[in-house]
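Look at the two complexes coming up: chain A is in both, with chain B in one and chain C in the other.
Right, the complex of A and B next:
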């Protein structure tokens, strides 16, 4: 039926852009789980490994908060299994359809991001593996450095197009 | 206005990442307290010159509630603590 809403990625149709020393690319909408509570990165890593999600990345997102992200969608049964195995006092919110990941890379990546965030992106302050919740302009983002010249931005779905649009000109 | 706040969890961030939520020195009255007492609590505020404790919510960061002690004359920030952890007696 043509009047039924169809599910499509928030950044569907946005091709990866490669500019001069800067590239921006929408990542697949796989799974993205938010976890909160008194646990540790090691404990979460072990838990997700037992559910066959060793390939998912776990990134700090503030005091006692983490994002678990991966490129493959999670079946509802797998999600229920994880939710049932969480340590006491730890809670999970499935954000797989609520947040979108964007990768930016290239020698100019840190310089472009510095126009939007106040986080000090110098390698000595924000090395590969570092992550922060912050603002890019007026848009709240989770920013992580995945390599010396590679970053990921996680953004609320409704802001994804606006954020991508702000980064596009730098990759022109 | 203090323009840089050092969040105990996130480090130094600009005030744009925070939402100021008012005087942290108020005590909520008992549910059956006089209407005058409630009126005072809900609507009336001091406008202190000098040291002042306020709730700041790191709304575009870690989303923790903080207590910022700052000087309204010099703009100097004296301390920033996680409100919930301070209440529980733990270090921020």
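Right, the complex of A and C next:
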């Protein structure tokens, strides 16, 4: 056994798939923090900047809930530091292993996603930066738009393989 | 003379031929043909046999309402029965076959039913097949089902794929006829997001039939409007709450070899801010003798075949009409060089402006079409008596019924209009407007104007600034319609519902026998109950019932319109959810660990859980499970419990909140401690159980059962959001964050000590401790709980999911010298039964804490908790409630099964004598016999009583004895070791 504990990604072995008009790719399992409580996006942004996490994205994930996501894993001590610095009444739940991010992109991305989600993905209704809790088929996902033809699906780890499997055929 | 293709004209591509077959005969057609038009072009008018009487039937319509020309298409897994020849776009290698005939379509033995027709009238099943009663299920029904029929489905799997899809728009336009096109164009020009759906393969509706020159310019404009999405071959099938529409797109039903990367059908769920129903109007058949003989056709359909596919119905056509549609057909027939024998019009004045060659017989009716498998003539009754006229085809038009089905899918009832002599949709319904013929307008100009105007109205309702209608000119004058329900004096059978063979006399009989109410008449005669759902027949049946009862059609009313508008394939409804995609699979972070340790998996909900871990030489699951259980009680075992629900609960009021959702106290739970909790429903019955630990003053960690993980989180959210919004509390599901491992058995502490840095001796880490711990010399953090489901000294260790496999491997390695084994859900189950621990087998929705022996856990001091009020009711505290006990066989070699019932010793095996039932049972390898948990009346007071364990399903009787539910270590010495 290796000396250092090693983390095995949920989608280990799933290579990115690049189809003609659609691509699907598992993102690195860095950090994914669920924030809850009476705060604002700006307040959180400022706070995470002070922890050197300016590169992390913050997306709405429900009423007074946010996901803070980035590619770097965070040690328990760092998490405790952030939790301790949160405004009163705001709480942090580490979901870095609990949820997995999948990026889909390409001119057909919105069309493929419309197979599974009832969210209106038209640019006027769901512009870059927008996020929603929804379903893709039977699987609950947090969907966000990261570009005109680029989306991220955040899915419970146990569903990650099933979701990737549903998206794979479109990238064939 | 039969039907044929004209040498010129039509909207078909004569340069290209399409090869297809009907009943094995090789035929050709052209692009632009439907199967129906191609059959007619090939002179084939006899295409099917009717349902009951096996009468020869031809092609009646040119659209979705076709009741006669039902054929089976495709072969093998692509076999599709009961498809309408009028809706099938002709394509190469199309293989179509007629149905409900034997041995052949032309010579069908079943036609003998026609001779028996005096006995086969409405209600004949109920009158005839009454005795002996037992014969119905075994003899009559199978025979009737065999004799009456449609096509047969294939038993082979469908090789094609289907999918579902969501769409959103400002305006959904249903139907691409003049009104729909005008609406879509108006909205498209205004910049709205428009979806335009039409069930045909070409847009245009009546503009196609008319050959209207404006159509091509309109279609060209759509090409330049990216905000208008056109969906041809798409039938909108239903209107649902929140303005959601269902639609089925036939993506590849018109190609010989479907592209496997594309679905053959796509089910759309369309969320529309506004919708316009421009579905047009359905032409009504006329009810006269022989109105089903091949060659009798709707006037509009005949005109459509003539103008769109250049198909002539015959050489000499009789027209029977109550409105201008018959005259239009007559004019076009004459223009194509086809003789019109006469225009028969029951009105006192014919259509003004008729200047064709054909004579018009007013105040006259065709009372009978003559012929067998084709029309040879007609009998016309007029003021001067009955005359016969030679004809090889009959065009009929009894007026028009607006197609309002979708507008009535959400409960609205159609409204009779005397002016229109038709049922119209109710005027105002949120989110849906009717336009054109669907709203009772009959001229093209009126439809164009109405569609454009309604689109402007719909868009302005959702905030668009002044929208300019695309059309506003032209003659929109409209003549009142005259209803005409049936021709009097027919000798032959006059059909009302073609598909179910319901004729005029059947409806008369229904009224005479007291079934004149529209709902009763429908069921008594089966009128409107066929796969076409009475699209053609219902209106005539209502008119006939009204006349027989001497009331207005308004008083008769309609039956209920329900989705779907036309039949929908199971494939489209299933979408991609078939085979292994039927439901998603949830995999534990320890799935691969279990897999490499040889686990046999079992599906529990969506999860795959390791059930047992067979080893070489073990031939049955019991061998493996017995070995696992004995080893754990002697040494140790590791089990994946990651699938149990986990919820992080935060907030300054978290403790108060838990005090209210659990029936036992949580407010005083110390940090670093876990407690078993029971959650009740409002009715006092147990909802779920599990342990909840406290990591800090304002942070708790709840576990739930696997099955109710989502349900409990929803329950907590409900309580927090609606019952006690004043409490500051937040929830985060962390089921997937943690790989959770139960390490159980007397050696478990020794094994974990090699991994966990902290002191976990009984003194430092006693039973029900729960703390964050450091692993592998500080390289990883985890959560350690000293809790036990097995009754052994046991721990649960949670680590971030990605590390699960590494940590499980490490525990197995450390435990090797201690004899550790992997164990699955089955061994877990055996050990908890041995220990008398409950699961949802016992928590079956009808038990209270007291029933399970946990009555003392229920707090008597808390001011309130969910379920408190109802739990206090006397019935919930009654001593004779079924309560938890153990049960075992008197003879250790004897066995019993879960679900068996308990009888008092010597009592007869009857329901009245039932004392309770076995909720869980297993073979206990530690005791060497079967053991069970049971809910038995007065159970705890009956320990030691001899009973009979009765399995009524298998007629098994086992002598047993009631005992304590704790079979192993009742003093909990092992637990506290």
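Note that the second predicted complex is superposed on the first by the 165 of 172 C-alpha atoms of A that agree within 3 Å, B and C clash if a C-alpha of one lies under 4 Å from a C-alpha of the other, contacts with A are read in each partner's own complex, and residues count from 1 in each chain.
In the analysis below, a contact is a pair of C-beta atoms (placed from the backbone, for glycine too) under 8 Å apart; a residue touches a chain by one contact, two chains touch by 3 or more.
None of these values were measured; they are calculated from a predicted model.
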Contacts of A:118 with chain B and chain C, given as first, second, both or neither: both
Which of chain B and chain C A:133 touches, first, second, both or neither: first
Contacts of A:62 with chain B and chain C, given as first, second, both or neither: first
Contacts of A:19 with chain B and chain C, given as first, second, both or neither: neither
Touching partner for A:5 - first (chain B), second (chain C), both, neither: second
Partner chain(s) touched by A:30 [first = chain B, second = chain C, both, neither]: neither
Which superposed partner A:91 touches (first chain B, second chain C, both, neither): second
Which partner reaches more residues of chain A (counting touched residues only), chain B or chain C: C
Touching both chain C and chain B, counted on chain A across the two superposed complexes: 118-119
Chain A contact footprint on chain C (complex, rising order): 163-168, 193, 261, 269, 271, 576-577, 581, 583-589, 592, 607, 648, 650-652, 698-699, 728, 730-738, 775-776, 779-781, 800-807, 809-810, 813
Interface residues, chain B side, partner chain A - complex: 9-10, 13-14, 16-17, 60-64, 82
Interfacial residue positions of chain A with respect to chain C in the complex: 1-2, 4-10, 29, 34, 36-37, 76, 89, 91, 93-99, 114-115, 117-120, 122, 125, 137-139, 156-159, 161-163, 166, 172
Parts of chain A lying in touch with chain B, wherever the complex brings them together: 61-63, 65, 118-119, 132-135, 140
